[in-house]
Every structure is written in structure tokens, then in C-alpha cells.
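Below: one structure, written as C-alpha cells.
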Amino acid sequence: MGRIKEIAKGARSLIGSMGVTLKHLKDEPVTVEYPAERAPISPLQRNAIRLIEKEETPGSHNCIACLQCEKICPSNCISITGYRPEGLAMKRPETFDLNFALCSECGLCLDVCPTATLGYTKVYDKAGYTRADFFHDLLEEYRETEEQVVEHLREADRRKKAEREAKRKAEAEAKAKEAGDAQ
Amino acid sequence: MAELIQIASDEDRDTFYLNMGPQHPSTHGVLRLRLHLKGERILSAEPIIGYSHRAHEKMAENRNYIQFLPNPSRVDYLSGMIYSIGYCQAIEKAIGLEVPERAEYIRVICNELNRISSHLLWFGTFLLDLGGVTPFLYCFDDREKILDLLDLVSGSRLTYCYGRFGGLVNDVTDDFLEGTARFCTAFRERLREYDRLVTQNVIFRNRTIGVGVMRPELAQQFGITGPCLRAMGMARDVRRDEPYGIYDRFEFDIPTRTASDCFDRYLVRIAEMEQSMRIVEQALAKLPDGPIMAKKIPRKIAPAKGEYYFAVESARGHFGMFIVSDGSEIPYRIHLRTPSFANLSTMRTVLPGTLLADTVSILGSIDIVLPEIDR
Amino acid sequence: MKETPPPPANATTEELLTQLGPLVHLDVLENLLNQARARSLWPLTFGLACCAIEMMAAGASRFDMDRFGSGVFRPSARQADVMILAGTISRKMGPVVKALWDQMPSPKWAIAMGGCTIDGGPFKYPGQYAIVEGADKIIPVDVYIPGCPPRPEALINGLLMLEQKIKAGKKFHV
Amino acid sequence: MTPRTFNDIFGNPYLAVLAATTVIMGYLTVNALMIIWMERKVAARMQRRLGPTERGKFGLLQSIYDMGKLIGKELITPTHVNKGLYLAAPVLVFAPVLALCSLIPVSQSWVFHDYDIALVLLLAFSGLAVIGIFSAGWGSNNKYSLMGAVRSVSQTIAYEIPLILSALAVVMMAKELNLYQIVAKQEGLWNIVLQPVAAVIFLISATAETNRAPFDIPEAESELIGGFHTEYSGMRFGLFFFAEYSNMIIACSLATVLFLGGWHGPLLPGILWFFIKVYALIFVMMWFRWTFPRIRFDQLLSFSWLVLTPIAIANLFVTAVVSKLV
């Protein structure tokens, strides 16, 4: 008898399992039909890095080629060379290359960037036929506006310098006045 | 791979060697098992590892403490959050860095979510090894929800690099908190469904009950930890024994079973998922406001000369980091004590005498992650 | 039929043969087969490391590679069409990957998924001893997918790109 | 009541064989492709996926592309195989299927071949496929294949017995071995009502006979990689694949004939009823496959010898007593 009971119990459990799959047969599929529709992606989704447009430099990035990101990158996937344009306090990058194939998406470069000009691209489904597809030239989109921006920065620098000078002059005058008052 | 095997006697003619792996659907990656079989009965088994050796420990000696951050989550990619945050906690302890309250709570939430997702993946692949495809896809469905949540805060789906020395990269959003709470309620329902689909299923029970029994003395001999140890009836858990972070503030049980077979290891993990949800819910209720990064973070991360050991409870067991510092920014040596390696070592003693089909279920039940074994 | 210019009078037999092309044209059949091949890519059940989990996720309910006919994971290399190299190839694994590739019947394709299989990824550093720096050092790779690990969408995109490549047949140029 | 057969149409038996082979091949191909598509769709929906959608309307062309691809694949013959057995195996597996299919009465007016002891022939032939499987396993000279083959043989032997015993219960009631007459006698009352136990045993054994999950241990992906067909590529593998699904059709057709009253049913024409029933059974088989984990080999055998066979014998005994009394 025990054996028959056991078999009956087993059969009942199997029918129970079949009930679960049958229940899901009626359910709506959860599939996102990828190329046609795309599931929302996290706004923080890590990916290849890019230079983002900054307020201080309209139309362009504000990379100062400080090489912090290059230094901290654990997998050496960033390489930058910088130059100093005439009459500018800060450097500008001449080349900014990323070998995305080496990247481990740790985000350390974003942490160290002093001007917060690094961000992530939103292309999360990249694939390519050759290895060369993943050498990103991050300056590509900004190359045309580079000269204007340098000009703009120069302007800003000059303005800042002038302001500083004016301030210093004012301070000196104030000091002189103070000194005069004290006397 | 030519390994010449001498046929010693006529008795050996009935037996044969079977090379299982490195490419085999149920060796969970690239493990290779050399099985000595008589018919389907296993006479001896030898796991051969190293097919996934990526030299994580060696890499640590070539870069500074910060640059090693992306690595821990790749050592064990299934519980990457626990590993990477564990590494941060180890370094914080070594240099004596205080972490803000809020960051600690978020770390606990993320860790426990990651533990659930790791157990879910184990659950799915275990069933896949046993031949049940559908539970695997249900698990991935639930796991996908956790990944969405973790993606929302950390920006990665699998190999998280969310922790930093002294805190976290990003603060959590309301979406995340609401989503986590929603997930917990929905997942309880799903667990009941799994119970009907799998736990009660007589085929599953027959395949797991009494299979792959680990004798308790193995625990000491090999240093078994995690769910495998708890299925032996020993309530050991790093979160309780030597609480790290703020785990001492939460109420949770350590589920144990006594038979130490595949079925018990299964039940322990299912119960652990429930406990993890309990912790998550408590942490959500208590989550304070405040900063997520410590105020004063030294620019130079360089622990004082000496040796440091720090352990966390990963989804697979006791994960320890042994750090030797020579006082510079670059670690002298980092040794990772990983649970799967110890658990896998028992296979030599557990597998002989079982059937080939059991090999698959036993191997599945101990939940190994290959890069973590090979480091 | 395309008109071919007449061969020069002093051409050797070999030159003649190369210029005239094959005597029997199987282009139509080949194209038809390519259409079928492109639409039924069965991957090999083969995971190396982290990316394998994302490969599994791509086959699971949310992303469902089976929509494109690629959901039939074959555990035996003899029955697979495409090898998805998901994860780091260690030096010890290299020969195994090569052996598996040789076991697959032609025509066969390979997808390198993740940074490790493209270039060594995060595990590449001067003086490393453990990994093969790029899958294409041991087998020919058709499509590369960057990321660490790439999202499942990227894998599906890679499969679709491979499909384009197969469909184009000989006309395919990068 | 006798049906029309190919012999009646052509007169010449040789011509009839030729015609029947062609028609059966077409019939099997269409059905197998249909079932493969259905399998993928059913699996997908149970797993809350979509399944093939992109290739043709609802992915209907997917199976055809798969077949085209398999035809265009390289046929690898590994150097270490036993060539004769290795090459013969796919044919040996597929050949009985053709013979079996011809014996199934699909509608009341038409069968491929009307034969008085069709049931005996069917059950005999269904055991023949295992020779093909074994020669595949042995000929491949691969340990996994061999293990798959050995498993397959013992499994087939174990499940043949409850299969035959449960079919015998029907024969006892119908007092007939002609499948056409067995169906004809079920008008009004299907055998499943009188023989529910036999029907369940038959379905389970038929699932095991066709090597379908949860009884798919001869090919057990997660244990034996591909089992007996590990070493086969291209269309040779395709034939195994094809034979598996064709066997499914035959097993379900036989179950329909024996227990579900074949073509009987209200309103719709007989042939449609037949297919509805066959596909319903196929759905049940798929339902099994996508719900259960795989049974372990020794449990599979003890399930057959210790559970199914005794029940089938008891059922046969009861049937014998009852049919004598009535």
C-alpha cells in the first residue's frame, strides 16, 4: 500500500509542476524585441567613455590634458597627448584615443577627471567586423570647433587675467589707502 | 592533452577514463574532470583546473590598490558586488577609513540583492544540469529584475565596480528603492511557484535526495564553507561570526540542514534567498540620509607595512583577502581565499561510487565559478 | 551573365583558368544556402568566463536569441555553426579552443564576445603570462563585440551583423 | 468496412510502394517541420519568451532554414570511427520510421497500407530503431556516444514491455490486430474511457521509446553532450533529429488510434479529428519535456520494471477477467 501511496504522491507532484508551466503558457511573454524595441537603459550605464560638452567651452569639451585618467586607468586603454595653445593657461588635448577593447568599465577615469568632462556614450550594442572598430578617437566630434573654443578660452583667459589685474590693482589701491589712513 | 594511461591488469580492461570538459555543458565553464569509470559508476575523479587562469593575484602586484578595483568582481562574476565591495572594505580596514552610514546601508542592500541573483543563477543552472530547461529561464527572468536594479545604481549588469575606498560611486535613486521593495514582494510569490515546480517534483527529489552526501569531517579537511557547510548542519556564516560592515545590526537566520546531500544544499540556498530578502527589507526601512563618500580620503592609498586579512561571506562561502603591504602604493601580495576552490577539492572524495548522472548534479549543487577557482 | 574580356593570346593555361573562372557555376545554389545559413546560426554551448553569463542571458526570456533562430545551443561542436567565444581565453585553454574550432563542420563562424577575446581586455598588461591576447590569434573571428561584459543586446546585434555578412557571401567587404 | 489503400489506386503493388514512399516522405517532412516549429513555440511560450518570430510569419520558415542549413553543412567523418556502422546508423534509424508510418490509418476512407497484423508489425518495427542508435554509438568510437547507445538499448528494452502490455489490453477488448478495425470499433466510446490506466502507461512508455525528455537519457545534453549523435554533423545529424520527431508523430498517431478513437469525432471530417488528436498528444509530450528534469538512468529502469510493468500486467489481467465476464 505504501508503494501505491508513494506513486500517487509522485504523480500529484508532477501534475502540480505541469500546472505551473501551463499557467505561464497563458502569460504575456516578457521578451523585449530588441532591434525593433529597446528596453530602457540605466542612465548610469557604463560604456565607452566620451568627452562631454561643457558650459565653460560651448560646443566642445573641457579636457585639459592633465593625464590623470591615463595614469589611473588599470588597463592602459587611454592615451592622450596634449599641447599648450598660444596664450592659454591650460593645456588642450591634441589626441585622445581610447582602445575600448581593453576597457573594463570601472569608471575610475570619471572619478579622477578634474573638469568632469568625461562621460559615457549611450551606444550599448556596438559590434564590429574588425578590431580597429573599437579604437575610438574621442576628439573626432569636436575637431571642427577646436579653434573657436581655443579662441573662446583665450578670451576667457584674457578676461580673467584682466579681472585679476583689476582686482590686484584695486587691492593695491586699497592697501595703499589703508596705509595712508594708518599714517 | 595526451596523457598515457597504463592498463595495469585485466581488471582495468572493464574500466575506462572519461574526459569531461573543458568544454562540457555542465562543468560550468572550463573545468575538466578526469573520471575513471566502470560502466556508469565512477571509480575515481580528478578535477583538473587552470583553464580559466587569468592571474588576478599576479595582476595585483603590478598595479596600485585603486587600480585593482575592477578585478575582484571578475574573480567571481556571479557575486561580483560582494567581492568588489569586500575588497573596498578590506582596504578601508587596512588604512582605517570610516564609511558613512548611508553608504554602509546601500552596500548591504546591493550585496544581498547580488546574493539573491547569484543563487538564482545557480538554481537555474543546477536545474539545467538536471535536464529541466524551463526553471532556468524563469530564474533568469527574476534575475534580470535584480540586474536592472543593480544596473540602475552601479551602471553594470554583471561585473560591478560600484564600491570605492570610503564609500560608493553613485547614490541610490528613489526608483531603485521602490523597485527593490517591489521586487521583494514579487519574488516571495515566485519562490512559492518554484516550490511547486521544482522542490515538490518527485523526479527532482529522486535525483537529489541522498545524492552527493558530504561527510562532516570533510568540512574540516577541505575547509568547506558557505551553503555547502550549512547543509551539513553547521551554522557558520561570516556575516554572523565576525560581522563586517554593519551586518551586526540586522536580524536574520542562518538556514541549516543536516543531511548534506544535493537536496539539502538546494534547500539551504532557497532559504538563504529568503533571509537575504529579510535583510534587504530591514535595510530599506532603516536607510538614513547623508553623504555616500567619506570626507577625508587619503590621496595615496598605502596601508602601513604589515599583513591584513579580511573576510566576507560571498554567495559561495568564505571569501578572504590576505593583503601583504610593504608600505607602498602597490600591494606586495594579495592572496584571495576563494570558497569554490575548497568546495571543489572535495570532489575527489565525494564523487567516487556515484553514477555519471550524479556527477553532474553534485557538481551543480556545490556551485562553482571557474575563474574564482583559478584566479 | 557578366561579359568577361577575352584573354590575351599569349596567356598560359593557368592564367586562362583563373581569368575564365570556374567552369561550373554554383553561385545560385551557394547563395540560396547562404540565405539559409544566415538565418539558422546554432551556437556552441561554450562559456569561458564572465561573458558566458551574458550569453546565457541573451538566450533567456528577456532577450531571447531564439527569435532569430539562434536559440538552439548545441553542446557538441559537430553540430554547431557559430562559436561564441565568451570570455578570457587562457593559455591553457587556447589549444582546446583551437581543437573545438577544428571539430566544427564548415562553414563555420566565430564571434569574439567581450574585450578579452578581442585584445586581451583588462587582463592584458606588459609581461602577462596567463591569457591569449585576442581570439583571432588562434582562430579566425568574424564579428567582434566590445564591452566588459557586453550587454545581451550587443550579442544579438553581433549575431545580426554576422547574418548580414553571411548573406552577402562573396560580396562582403568590411 | 474497408478503406482504400495505395494498392487499390495503382493496382500494381510495386508502383504502390513507390508512390506510398514518396507520399509518406512528404507527409513526414511536413509534419516533422511543423512539430519542430511547434516545439520551439510551445517551449518559448511556457518560458514566457516569443520563440522564432523573425523568420517568416511567426517564424514558420525557421525549420525550413534549419533544414537548408543542415543540408549545406560539411559532413565530417572522423578518422577514428568504424566507418560502416557510422555511415549506416542514420539510415538505420530513419528507415523503420517510413515503414511504420504506412500502417497508421489516418481516416476512415483511407490508409497507406491495410494490414491484418499491423499492430504487431508496428510494435516490432518501433524496436528496430534502437539498432540504428546502437550502431551510431558503437560506430562513433566515442565514449559519450557509446554510453548513450548502451543507455538507449536498455531503455528501449525496458519500455517496450509496458508499451506492448498496454497495447495488448486494447487488443484484448477489440479482439483485433488490424488498426483500422480497432479504430472502427471505437465509434461512440473511445478506449481511453475503458482503459485509462493503459492509456497513461502507453503515453509514458511511448515518450520513453521516442527518447523524449524526461526520458532523453541516451542523448542527455548535460551529461553525455549529445549521446549517440555526438559525432554526427550536417544532415546525418539532421536525420537523427528528423527521426526523433517522426517517431513522435508515429507514437502519438498510434496512441490516437489505440485510445483516442482515431478519426472519430463530431462535425469535423475524420482526418481533421485525427490530426487534432495527434497534435494534442504531441503537445502533451512537449509539455512533459519543458516541465520536468531528466530522470536518472537507474531510476528510469526501475520505474519501468517496478512500476509500469506490474501495473500494466495487473491492468491486462483485470481486462482479461472483465472482458471474459461481459
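In order of appearance the chains are A, B, C and D, and numbering begins at 1 in each one.
Just so it is clear, a residue touches a chain if its C-beta (ideal position, glycine included) is under 8 Å from a C-beta of that chain, and two chains touch if they have at least 3 such contacts.
Since we're looking at a predicted model, the values are computed, not measured.
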| item | value |
| --- | --- |
| Neighbouring chains common to chain A and chain D, by label | B, C |
| Chain separated most widely from chain D, comparing mean CA positions | A |
| Which of A-B and C-D has more C-beta pairs touching across its chains | C-D |
| Centre-to-centre distance between chain C and chain B (centres being mean Cα positions), rounded to whole Å | 33 |
| Cα-centroid distance, chain C relative to chain D, in whole angstrom | 36 |
| Chain B-chain D separation of Cα centroids, rounded to whole Å | 43 |
| Junction residues of chain D - those touching two or more other chains | 44, 46-50, 53, 221-222, 225, 290-292 |
| For chain B, residues that touch 2 or more chains besides their own | 24-25, 63, 70-71, 74, 134, 137-138, 141, 159, 197-198, 201, 203 |
| Sequence positions of chain A contacting 2 or more other chains | 14, 17, 20-21, 24, 29-31, 33, 74-75, 104-105 |
| Topology of the chain contact graph, where touching chains are joined (line, ring, star, complete, other) | complete |
| Contact footprint of chain C on chain D as seen in their complex | 40, 44, 47-55, 59, 61-62, 64-69, 71-76, 221-222, 225-226, 229-234, 237 |
| Residues on chain B engaged by chain C in the complex (per definition of touch) | 1, 22-25, 29-30, 50-55, 58-59, 62-63, 70-71, 74, 77-78, 121, 136-138, 140-141, 143-144, 147, 157-159, 370-371, 374 |
| Chain A-facing residues of chain D, complex | 42, 44-50, 53, 287-288, 290-292, 307 |
| Chain C - residues contacting chain D, complex | 32-33, 35-37, 39-40, 45, 60-61, 64, 66-69, 71-72, 74-76, 78-79, 81, 103, 105-107 |
| Residue ranges of chain A touching chain D (in the complex, touch as defined) | 7, 14, 17-18, 20-22, 24-25, 27-31, 33 |
